[in-house]
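Every chain is named by a letter (A, B, C and D) in the order it is written, and numbering of its residues begins at 1.
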Amino acid sequence: MKTFSYSFIFYCLLGLILLATTDGLAQVESSDSLLSPLLPPSEVIAEDHPGDAGGAIIVRWKLSPDEDKGITGYEILRSASPTAEFSSVGFAATGANRYVDANTEDSLTYYYKVVAIDADRNASESEISPPVRSSPQWFNFHLLNLLIIGGLICGAVIYFIAHAKKGKKFFLRKIAGLEAVDEAIGRATEMGRPILFIPGILDMDDVQTIAGITILGRVAKTIAQYETKLNVPTSRSIVMSTAMETVKEAYISAGRADAYSDDFVHYVTDEQFGYVAAVDGIMVREKPATCFYIGAFFAESLIMAETGNSIGAIQIAGTAMPAQLPFFVAACDYTLIGEELFAASAYLSGEPKQLGSLKGQDVGKIIAMLAIVIGALLETFFAISGSSFFGSLAELVHKLFSIVAS
Amino acid sequence: MEFFEKLMSIDRRVIFFFVGVALIVPFFLDIGQKIEISPEVQALYDAFMELPPGSKVLMTFDYDPPSAPELQPQAITALRLCFDRNLKVIMIGLWPMGPMQANLALGTIFSEKKYLDKEPVYGVDYVNLGYSPGNELVIQRMGSSIPATFPRDFQGTPVEEIPLMQGIVNFSNIDFVFNLSAGYPGTVEWVQFAVDRFHARMGAANTAVQAPLVYPYVHAGQLTGLSGGMKGAAEFEKLTGFIGKGTKFMLSQSFAHVIVILFIIIGNTAYFVTRGREKRS
Amino acid sequence: MDSFFSHTLAAILTIGIISFLYKDNPLYKFCESLFIGVSAGYWFVQQYYANLLPKLFDNLGITRMLGAENVPEGALQKLFLHGEWSEDLLYLIAGILGVMMLLRLVSRIGWISRWPMAFIVGSISGLYFITYFQSNAMRQMQNTILPLNSFNNLVLIVGTVTGIIYFYFSKEHKGLFGAAARVGVYFLMVTFGASFGYTVMSRMSLLIGRVDFLFGTWLGLVK
Amino acid sequence: MRRQIPQLLTAIVGFVYIIQFFIPHKPFNLFERMFSDWFLIIAACAIWLGVLNLLKLSSEKVYKRGKDWPYSLVSICGFFLITIAGLFFSGGRHFQDPGTPFDYVYVNIFTPLSATMFALLAFFVASASYRAFRARSKEATLLLLAGFFVMLGRVPVGDLITSWLPEGYRLSNLTDWIMNVPQTAGQRAIMIGIALGIMSTSLRVILGIERTITGGE
């Protein structure tokens, strides 16, 4: 079979050369498709890409019947008129039957052709698609499931916040790291040493930093009641400004505006390791009794936590950076893991409204667990019985949580 | 007896000292360590050796200084192999610092005596086209035109004026791609675009952390050879017969690793001995 | 000679930082202070050339107004010279917010700096709300819906579900629920141990690079 | 007023950013794309605040001859050294090109300092694992075992010790299994929790229940 196709190609090429030498006018492109042993893709349809801001068209086609005979992919050609010249807009790999042309003008009409190509650069063109225009939409229906589930979780959070406002009390389990906050502040006061608070190294455009600063606000309120020095070096200017405002506000609301000083919060440098060098220096020189590391951290997490450990400080860390959690867990006394970091400010505030939102968050967890367990069971039943009923149910659950890119 | 209690709360500087020693000593050791060659590195070496003189090799430097200890020795070995076999080298980088690493590697090689007399000629034997932003899109653009993707070299010379670049249009004019990768964009993207889409022949060197993610491509035949981390560097050096820093670095790393593991064992022994004693009393 | 001087400078700084491992000392203090100053300056210059100049001044056309001919016309020129509306005009909002931020320096109207802060906090809350929900929650849930037909799948599902139970806040971790939460903690511990062990090797190679600089590049003891 | 307006701004902007995700139509599609640029511009303006703060504290120390004041002087000099080099002597926008004074300071001062600080991790990883990897409790034992096996499985020694086992059952395979199965499960639980935590925090901020930052109790 293989030898046959090779000899076929060989004779085709030989014919091509003869044709070219005798005629002298043979164009390689046209003779290429003329002599191509490939069958073209068929039923090329082009449609507006749904759920976008316009400027994109999806092209679909039926694979060439020669798909398994060495086709290496499909070239997508486009033109503004069926009679004008077509030019290439992209390439799709073997087996692909769709391509998104994300570079269209909404005001223009387009025609598409799909060309199957094999390793020897043989090409075979499809028919031309019907005309198509791209346009923008007002709602992205691909995200409907996201809206439903997200809405459910939001609804739960808001419901429990409202419930809490009416005075309903919820049980909340203890979080060791937060139980320790008061003790840690008290200890610093007893020892007459400062408290160091590191709000992470990212800027305010990260929610972890926002969570870190809110916790700083709560902690500062407690510190304000003691004569303890607070030291907050920051690695971003906006974080510095925000932290200053927050700490000031905390001191005012604790009735200790007199004890506040702008020097509590200061900027060091935006550079990750320059900041670490400075923090390490502060640690060994000022010997804080308590260190908080709350926010977004990268490789510096362990450098700071180990230095803090060497000066015998109580260390409370909290981050949602999965890669840094192990280091904090290893080197700190308490670590707020992921979600606990975001729950911390609500816990520390003690306000019913805030605590209500945590209850709402738990509803999200129930949804997640149910989805996983039910989905897995359906999949299992399907795998065992092969029943299409379970199959379609399982697919439904999958779909409910799937994220379609386009 | 007190010994174990002391061990429990050992001064961290003792640990620092041992880690430091473990890292430094191998630099000055000249032991002919037995290095077993893994099939992946052998395949990489063979791929270079199979190229006829004058073949064009595209080397992509997709890493920055923090990963240099792992990848620089491999870059040097590969470059030396190319120059010795009279292969032409085109260097690019998908990471901004990549082309700098390429120049550093060249600097290291050209300081050797062997090349002082017969230094490869820039523009003829090798060229550095610099960095181009755009991650995997760069590879895609190179698939249609390399000169359009890299219109000028590192020093700003238009590629049309560079002899080595004459006749190079896209991957079909490149005989072998050698990718040095420390993450994204890197080997995964090169396989997906250059190999799967444009049918380039390719081998790669990766950091130890990256390598496991890339192994499947070797087994599937998409990658012709892979050298992972310092161990890969050492194997590669052994195959080329030039013992460079990769071998020393690998020793350093293994020593340090063993030290850490030893300390964990010591710590636990001390813990169990002291706890056992507490229980008895 | 010049490169020996630069290498010696770099080597002294390298040794200065490493000396911190023994204890705090004047050389470290020097390196630290130098590092703080130089890196703050580095980012100051970077911010100007990488963000302020191209994103604000170029896009709006201020650079061109000030006489830079080689920069294309910005949004303000398009608006006033040609009467064209351009999306880039929205950068003006960012410019105003940036100036408001700087008004902190004037203590009498410093409160106005809360506006850009509120803007940032609001937009980040909105953006993260949706992106994390999509890529962290939905995607991970979807990936975990697997048939229970292999040991690995079973472990994955049990680990994920018990892990979520550990994070559950509004129910006491007692009885069966407590047992599940404890299993969740075990999974978290394995996770932490494994990722810790996984990174040890790459951390070593960073130091090898510095040692190589000291003994190879600088002193030339290692070839 | 001073308190209400920021809160209102937060709420409106936050809400717009949530709904823009579902609405691909103009002008909503511009917001997400523009935000990162806007933020960078605000940050680039704000760095003046940080730098002035740094210079103020340092010069106060020098002026008052506070403890370790000469080092503060070093910081100030370092700052002006690279800033003046970068802004005035390094060819404007090409300030980072090789050979400029800015580049010289970057390569010979900034880089070694930063790389060495990063490299200290090698030591700290060792001392942290010495303390943390101890079989003190059930949890700690699991931490220890997972860490230990993964560490061993990633060096040649690991497979050497277990070379008597059939292929596929050696230490490196165990490492892969730990990383791919239980490790992944734990990470997923953490990630789902983080997402829920962020959603709830964002809602609290947007709804004005969490006002620590936007001001006012």
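Convention: a contact is a pair of C-beta atoms (placed from the backbone, for glycine too) under 8 Å apart; a residue touches a chain by one contact, two chains touch by 3 or more.
Bear in mind that the values here come from a model prediction, so they are computed numbers and not experimental data.
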item: Chain separated most widely from subunit C, comparing mean CA positions; value: B
item: Pair of chains joined by more contacts [C-beta pairs], C-D or A-D; value: C-D
item: Length of the line joining the C-alpha centres of subunit A and subunit D, rounded to whole Å; value: 16
item: Approximate Å spacing (C-alpha centroids) for the pair subunit C, subunit D; value: 4
item: Whole-Å gap between the CA centroids of subunit B and subunit C; value: 26
item: Whole-Å gap between the CA centroids of subunit B and subunit D; value: 26
item: Two or more partner chains touched - positions in subunit A; value: 146, 150, 153, 205, 207, 210, 238, 241-242, 245, 267-271, 273-274, 277, 285, 306, 322, 325, 327, 329-330, 337-340, 343, 358, 361, 364-365, 368
item: Subunit C, residues touching no fewer than two other chains; value: 17, 20-21, 29, 31-32, 35-36, 38-40, 42-43, 47, 101, 104, 114, 117, 120-121, 125, 128, 130, 132-133, 137, 141, 144, 157, 160-161, 164, 167, 188, 191-193, 195-196, 198-201, 204, 206-207, 209
item: Shared-contact residues (touching 2 or more other chains) in subunit D; value: 21, 39, 42-43, 46-51, 54, 68, 110-111, 113-115, 117-118, 120-123, 125, 127, 129, 131-133, 143-144, 148, 151, 154-155, 187, 190-194, 196, 198-199, 201-203, 205, 213, 215
item: Residue ranges of subunit B touching subunit A (in the complex, touch as defined); value: 12, 143, 196-197, 199
item: Contacting residues of subunit D [partner subunit A, same complex]; value: 21-26, 29, 36, 39, 42-43, 46-51, 53-54, 57, 68, 110, 113-114, 117-118, 120-121, 124-125, 127-129, 131-133, 143, 187, 190-194, 196-205, 207, 209-210, 212-213, 215-217
item: Residues of subunit D touching subunit B in the complex; value: 98, 111, 115, 118, 122-123, 125-127, 129-131, 133-136, 144, 148, 151-152, 154-157, 176
item: Residue ranges of subunit A in contact with subunit D within the complex; value: 51-53, 136-140, 143, 146-147, 150, 153-154, 157-158, 161, 203, 205, 207, 210-211, 213-214, 217-218, 234, 236-238, 240-242, 245-246, 249-250, 253, 263, 266-274, 276-277, 285, 299, 302-303, 305-306, 309, 320, 322, 325, 327, 329-331, 337-343, 345-346, 349, 351, 353-354, 357-358, 360-361, 364-365, 368
item: Footprint of subunit B on subunit C - complex, ascending; value: 21-22, 198-202, 204-209, 211-212, 215-216, 221-222
